[in-house]
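The chains carry the letters A, B, C and D, assigned in the order they are written, with residues numbered from 1 in each.
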């Protein structure tokens, strides 16, 4: 009797990113959300409100801080879409399509963010 | 083995693949936990949208009102929109729920001994407690910087 | 320790494959006292009302793993679950979820058994130790033993499979108990067979089929904590993956 | 009927059956092994054993000491040549299990640890916390799955043996899941079906321990040996009878009566040893029969503790402390908490004697062969001759693996010397067995199976308990005779074929009833007191003493050939090699006797 061995899954790669992203989500996302809310509440004051132009400019003109923002966007989008991809299984949807959509979107979001950040870095400063 | 004849007629209870998670509160909590990812994605999109609007701006040495119009719109009309604010409050709650469940999930990954000569494992509460401490630290630092530099 | 007698309405799911199209419910009034287990309630029903009711049992001390069943929708060992804990409620006893029902409370466990046997659950020694003489033991310190001992406590009752939604949705998933056993042997310092078990651990049907629902650990009557073993298994598999990327095997 | 042609058929997948199957598979992978069990292997009752398994490993121990403890513990009714072989093979088999992955508890240096056990001079009991049987069984089961030549028939209930020309050539069984019958032909058949504790009402045994193999052999003319020796374990949990292992006392647990007095010192087991400092063969570490008898006497004196569920004494472990208890006796703590609501860390546990083990069984020689060629037996269902009139705790787990191995090897030899066969006669017998089983469905009677089971259990407790008398035993004989008549009138409510447990339980009850009859008939004929068989009667109480003149012999229960519905009792000699019968003494008395013996030796 020959036993057919199952093939190795590539899941570890995504899982490692998912793990890092999940950790980021739990550690910093609540704080970031508070900032977004505060920005919304203080948005009348473009100069002294939260996330005012000066603040964001100083983030994106600093390559290190900009990289941190990119890292957060990258990990969070992989984390969130990975989880949603698995949730599709939980609703009985087993299709390669969700795989493409999920990781494709995550990659797209990350690339867009990276591109825009580079653009800003070059254009403004 | 070949069955000559069998009296078996096993019954396979049907599985509803869409609604199974409503059958039991443990499952429901699990699905909510997984569902928080959708709101995390929403937050990411908000951020990237902000970056996009900022990139459209023209901030020369002296920013003009028209130059920063896209970002101003983002701040005032988007983030300032009461619907978005309400949504962000939901995002906050969901991410706190995510954080709590995430910290609860971490200890099973750690199986280390207290010290070289003991058979006692590092107790789980230490791992959970240190995660909460890190969370508190990170939150204080981020919010501190954000609010003190305005 | 008074033997005060109360009664409880106990509903049992019945299914007789040769007569019934699908399962049906039957309700009994069962007297009970402080120490009456669900298993004893079933004895009472079998002895007094329905001799034809079938269920598995043997040890009645929560160690043989025969008597897993659903009590009010939650997987339990009948012999380790007591009516006193359901006081004031009705009780519903059903066969273990996620397995085909063979008859009454008896389910077809062959899938679970096959999976336990598939993952090579035995010591595979390295060449050096293959022929150790029979007057000598492997050295294993209490700490080395502690590393896996909890995961060796599984009684193969199947409760965790009845609890796991991933197994419900995809019966190919190797599942909590078998993956725990795999991890148990991989972490035993007498064993050198991790390579041979890796294909099962590393596959979609293996550790990666688990989304860490964690209900398996919640219901496990022996506190084996299969979800922990699987997550540790994922760590093991991920490490193996990274090493394989750096230095491929073929 | 489906037919399977095996080389070796093993009935029972407990410790014994699994070990035998592995032995065959290792010796010759070409031999086809059919491993048949009415439950999945890991459900077998070996799983419930707690305390551990005896094997000499310590420097201050020797085969001789294990031998002497065993023979003296068995009140000299042991086959001494078999015991000699047994003690030598025990450590080997225990190491073998260690190599297969059994998590035997360790010393800090990484070597296996041993604990004290009742009736053993030196600590020599290997243990895996208090789940020794569980770990042994799972290790054996898991190890067995790597051998493709072992073909398991799980959840197959054996109905009969097939025999031709006086040789055993196979079995016929009922496949519970599929509801069909299977004929399994084999050159050698091994019975490893475990004990028969279910003859009694109050016991430590699982629901499957119904004496099936014993009854099968008995019905085919093979005698059951020493069936009167039924072991009461002194510490069963009050109410359910679950076992509080002897390891509790080995670790330092003590027994108190209602006055908080350690009563064992009144029964030749003293002097009192300090609490927390157990000493082998003293007080709580005396043999099981003595301890159970002491309880009986305390009860007569009104010094036991009365609970709503019955009388008990207290097993006190509180002085051992939480950490030690949870490490050494985790299962005990869990069982006491769950089934009795007592936390052993905080309060003493109410316990009482409970039926635990059948010393007797299918008569075999030292190589597990019965008198019927082709039929072998091992484990608790067999009487290979090592337990005599009383088994020492931790000798039987190791018996399962030692004689499983020996039996496996013996069958390999037979399988190599016998030609493959099948015959019309075997098929005819298998079909007859099927017909007999199916005919139970046609009974229209109204007799209740649970009543019969209950009455049997109660009358066995009353008649053949810790102490026995002619009169009460006779009563039990009459009750059982009557039950044999009633059992044929049990009507089944359900004719379904898949997992019909009602039907299977009825056949099991028939087996158990046969075995119970052998027990009481063997008992009434043994007019002496020895080991676990203690009588209170006889002219001037003559049967209260051991009587080597008339009864230093095994009793054999044969199925009557003249159609009588009761067994015929006969006797056979006991093999004595080096250890002459002496008075069986424990405590200080033992020390004195030992000194006297040494002195006598030196004088020579």
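For this structure, a couple of remarks:
Following the convention adopted for this analysis, a residue touches a chain if its C-beta (ideal position, glycine included) is under 8 Å from a C-beta of that chain, and two chains touch if they have at least 3 such contacts.
Which chain is which protein? Per UniProt: A = Succinate dehydrogenase subunit D; B = Fumarate reductase subunit C; C = Fumarate reductase iron-sulfur subunit; D = Fumarate reductase flavoprotein subunit.
Just so we're clear, the structure is a prediction, and the values are computed from it rather than from any experiment.
Here A-B and A-C are compared, and the pair linked by more C-beta contacts is A-B.
In whole angstrom, the spacing between the mean C-alpha positions of chain A and chain B (Fumarate reductase subunit C) is 11. Taking the mean of the C-alpha atoms as each chain's centre, chain A and chain C sit 38 Å apart. Centroid to centroid, with C-alpha atoms defining each point, chain C and chain D lie 28 Å apart. The centroid of the Cα atoms in chain B (Fumarate reductase subunit C) and the matching centroid in chain D are 58 Å apart.
Contact with two or more other chains is made by residues 86, 90, 92 of chain A.
Of all residues in chain B (Fumarate reductase subunit C), those touching 2 or more other chains are 7-9, 17, 21, 34, listed in ascending order. Among the residues of chain D, those touching two or more other chains are numbered 177, 496-498. According to the touch criterion at the top of this document, the contacting chain pairs are A-B, A-C, B-C, B-D, C-D.
Chain C makes touch with chain D in their complex at residues 1-3, 16-19, 34-35, 46-48, 50-52, 54-66, 80, 102-104, 106, 108-109, 113, 116-117, 120-123, 125, 132, 134-142, 144-145, 148-149, 152-153, 155-156, 181, 185, 188, 190-191. Chain contact summary for the complex, chain A toward chain C: residues 5-9, 11-13, 15-16, 86, 89-90, 92, 94.
Residues 39-40, 42-45, 47-48, 91-93, 95-96, 98-101, 103-106, 108-112, 131, 134-135, 138, 142-143, 145-146, 154, 177, 206-208, 239-240, 242-243, 307-309, 331, 334-335, 338-341, 449-450, 492-494, 496-502 of chain D are the ones that touch chain C when the two sit in their complex. By the touch rule above, chain B (Fumarate reductase subunit C) contacts chain C in their complex via residues 7-13, 15, 17, 20-21, 23-24, 26-27, 30, 34, 105, 108-109, 111, 113, 117-119, 121. Per the touch definition, chain B (Fumarate reductase subunit C) reaches chain A in the complex via residues 17-18, 21, 31, 34-35, 37-38, 40-41, 43-48, 50-52, 54-55, 59, 63, 68, 71-72, 75-76, 79-81, 84-85, 88-89, 91-92, 95-96, 98-99, 102-103, 134-135, 138-139, 142-143, 146-147, 149-150.
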